[in-house]
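The following blocks contain the structures, represented as structure tokens.
Both complexes below contain subunit A, partnered by subunit B and then by subunit C.
Moving on to the complex of A and B:
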């Protein structure tokens, strides 16, 4: 087979795959648009929870999977986004739109401050500092009774009338998730995303090519913080209450496990991980209080048998099959 | 082009670079030689900012770069390859070069344009000139050792440096692969006029490609000059090659 024919075949195959992917995505979106009309409101609520959590996990994966940084306390940005909206809507007369905008912005600002210190460190030291600073923020939220209502949290947060029904919240979270995933996907495929991967693989080499690795990682950290803040805003729309547990370290551990479960190397891995974990926690919650025990067992199974995550494993298998197909074609 | 004066660097009392002096003229191939532990790699790391000197100065095109960081030094026009293969293992061969090309054009922070459409021609040009274009979609970890070493140099060239530092470019290579690298160095120097500073254990290669040689012994420059002067220098023979004459 000539090189030109092979290359045009590859291009055609790629186009078919892209079209297939686009078609499947459109069908999926269409189903998600119709679903709330067919299921009880509780399941719409459950799906909206999955959408919110999926956005949170995908934002973490920008730093964890693409950046290779052991970020152990992403939940803090989620919590700050949620608390910002909650405080503005309950303690000020500022408009709803401003609260929704300020949530992610404050999360990104906090991510800048925490990230500025953390990107100077590597590996476990980076992780430990994110954990320490995150817990510091949690302690402030937990203790600052006058502003945050302490361990009671803030409840009955007023939202505009058009967001009071579960179906409107469902469609809002779905829309925000899809737009955010589109933006995050574009970022991972951009020069910024490519450079982030390069810095993950080899920071020393990246520096010697003119890349300011620390600054690059800080930008990724801030972007991830921003989208965690967006997820925090969605949480408030869905629950209309916030509590300090949103910023506690075990929430961050759950998000980390979602990423590991779905697969760090696949863009939609954390979305799958979030869906599985949210559903499992609901099902397990029906039978036992010991959800964390089940989570621990899951983590054990994951680390031992599926280190690349579920979607990572599936993608590896598909890629392997394609390569085998390719080499068979070549031998023929 | 590059001037190093009285450079010193120590690690917890061990003087790795005691008094290094070097001048690299534009357009020439200059080699730094010395026995194991002489401080060649340390010197390279000082030039490229991966280490910071205790004292002395490094000037590149009249700019003092002694305290600059590696990414600033790259933007001044110094590129380097490493002794051990230092590539981006999870990226394809194309993406390895493209990362360097994007950084050269300071496009590495573009957030929303698809990377695969940016600076394609320039990336392919680099791949073509190194004979790597047929591997462009391969993961670089799947290449042979020799090809990975060529890719290692190609990545450095992707940032279009004015001065290229090659740290033992033929380390661990077969004679065939070594001769491929020699041809490559000659082409870069003669056809493209690139200034090259290299360290190498293979003295035959050094005397074949270098127009100037600096000898480093225990972190100190003991001689620098034309290859024939170095060959006959008694102090070099004593310190670096024992009593045997340089062949």
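Moving on to the complex of A and C:
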């Protein structure tokens, strides 16, 4: 009897928590919907940059945090998504919608090819192969002048009229981010996502349970590549230009830092990390040209003192308190 | 294209491979013994080049500038490496790969801007020392004398490393630490001191590589990122922690790059990555046995 009430109490508790979370999310979304009418356009642009980057970082975390794979070159899929749209819009007369759809699909296809080779490796070797193959793609983009315009990148990319104003870009990126986050969050909670976690925590046991670890990792890699491609498309809408530096490995390192800063273990961690890094780079950029120095020092402090990331730390604290509360209840 | 052009190009590639080897040997030593992915290795290399610039220009581009730089710059980088290891790295030996990588990456970012602050962002260059200008001919292939000098230095460094690792007591401890750290600890050897030593040695090698490359190219920002990727690829292709693997793959990458420049210049930048990608796909654990 008492067990029953306790468990029902727990479910109501969880329901309340869920409702609370939902409410907070709705309020947040509402604020984000109203905000562009209240702030100067530059800040809308900044927020849209954050949305784009947040999607990129969250897609990486599916492989990095949930898959436990040392994916060192995620920027490649971002860049390929962006370049696909840029090339289609400047060099062909194909419809805009097709370009937007093909961007993420090509990214996912590339992720399949690179992932197919990489998932056979473990640990550091996995990371090094992603790095090598990613740099190969970068070098091709950098050198293929006829197609990619090489070092100069592609500028003044034409976008449809309804996407020329900053507020329409803002709402587009916000909508795409929200939908993508919803899908990614569903994926992490699905049986597939849980299996991925199991394969991360104990690959040998998972294999012996009959789980095809490599296949799961490959699928996660492709999904991550797809959403990085989506982020790449958003980047083109926002900047209307692309450059090979999108695919260079230090861009990928930046995404890794975002994930680590927010926390790999929390779904919204990379989003927070992206927001912090984009805002900080803007603010620091106002005062000094040495943004990378500041970022380096920040990263140093983060790694030494807050390795679980900001959201990771907060969640740990909350969980710790809840557990302590729980044990007190039990003793009563 | 005649044989002479081809062979002189190959020799130049080989000499570049020697520099790759010197840098990658340091990286692979650190990989093997400390088990750390040192992203800062390229930065140490860049610092070596800038330090060499400062030393040699302080002597007014004189005859002895380069030789003094060759002595001083790598040691300066070595001392800095020692400070980095004792001050930062030793706190993260028990962390996961990602954390260790990002710690060393933070050093990349910091040194990048520090170099900009100290030396400014304009290009710099060092003269090739007096005695090493001009070129010689080897079997009909002409080769700049400085590259011939590099061809001499590379094997010397390899020989020195071999002597150190297999003939000295300290070197044997290093190898033992790479193979089984716990056992070394049980035997009562202070393995963290070995770590400091190896990291310093790795730093010295990076600094040496930077000093040696300085007269052949412009000393500039961004040289850290380029060499780092190459060094990583070389280390992984060769087998993590295996110095001889690093030697072989340095030669492969150096020569591959040189042949690429000769045959299809527009794709030469792609070739090293392609070689690395193909080798990794077919021999994912490296050409030679990894120490891990």
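Here is the rule we go by: the second predicted complex is superposed on the first by the 331 of 332 C-alpha atoms of A that agree within 3 Å, B and C clash if a C-alpha of one lies under 4 Å from a C-alpha of the other, contacts with A are read in each partner's own complex, and residues count from 1 in each chain.
Throughout what follows, a contact is a pair of C-beta atoms (placed from the backbone, for glycine too) under 8 Å apart; a residue touches a chain by one contact, two chains touch by 3 or more.
Owing to the predicted nature of the structure, the values given are computational and were not obtained by experimental measurement.
A.B. asks: Of the partners subunit B and subunit C, which touch A:62 in the superposed model: first, second, both, neither?
C.D. replies: A:62: touches no partner chain.
A.B. asks: Tell me the contact category for A:209 with respect to subunit B and subunit C: first, second, both or neither.
C.D. replies: A:209: touches subunit B, not subunit C.
A.B. asks: Output check: A:201 vs subunit B and subunit C. Expected answer is one of first, second, both, neither. What do you get?
C.D. replies: First partner only, subunit B.
A.B. asks: In the superposed arrangement, which partner chain does A:141 touch: subunit B (first), subunit C (second), both, or neither?
C.D. replies: It touches nothing on subunit B or subunit C.
A.B. asks: Looking at the overlay, does A:219 come into contact with subunit B only (first), subunit C only (second), both, or neither?
C.D. replies: A:219: touches subunit B, not subunit C.
A.B. asks: Examine A:191 and indicate which partner it touches, taking first as subunit B and second as subunit C; both and neither are also allowed.
C.D. replies: After superposition on chain A, A:191 lies in contact with subunit B alone.
A.B. asks: Is A:132 contacted by the first partner subunit B, the second partner subunit C, both or neither?
C.D. replies: Second partner only.
A.B. asks: Between subunit B and subunit C, whom does A:238 touch in the aligned arrangement: first, second, both, or neither?
C.D. replies: Touch partners of A:238: none, neither subunit B nor subunit C.
A.B. asks: In the superposed model, which partner reaches more residues of subunit A, subunit B or subunit C?
C.D. replies: Partner touching more subunit A residues in the overlay: C.
A.B. asks: I'd like to check the shared interface: which positions of subunit A are touched by both subunit B and subunit C across the two complexes?
C.D. replies: Residues common to the subunit A contacts of subunit C and of subunit B do not exist here, since the sets are disjoint.
A.B. asks: Can you list the subunit C residues touching subunit A in their complex?
C.D. replies: Residues of subunit C touching subunit A: 37, 88, 91-92, 95, 97-99, 102-103, 105-110, 112-114, 116-117, 225, 229, 232-233, 236, 240, 266-267, 269-270, 273-274, 276-277, 280-281, 284-285.
A.B. asks: Touching subunit C in the complex: which residues of subunit A?
C.D. replies: 64, 70, 117, 120-121, 123-125, 127-129, 131-133, 135-136, 139-140, 142-143, 145, 248-250, 253, 256-257, 260, 290, 292-293, 295-300, 302-304, 307
A.B. asks: Given the complex with subunit B, which residues does subunit A contribute to the contact?
C.D. replies: Those in contact with subunit B are residues 183, 186-187, 189-195, 197-198, 200-202, 204-213, 216, 219.
A.B. asks: Which residues, counting only subunit B, touch subunit A once they are in their complex?
C.D. replies: Per the touch definition, subunit B meets subunit A at residues 48-50, 69-71, 73-75, 79-80, 82, 86-91, 95-96, 98-100, 102-104, 106-116, 118, 155-156, 158-159.
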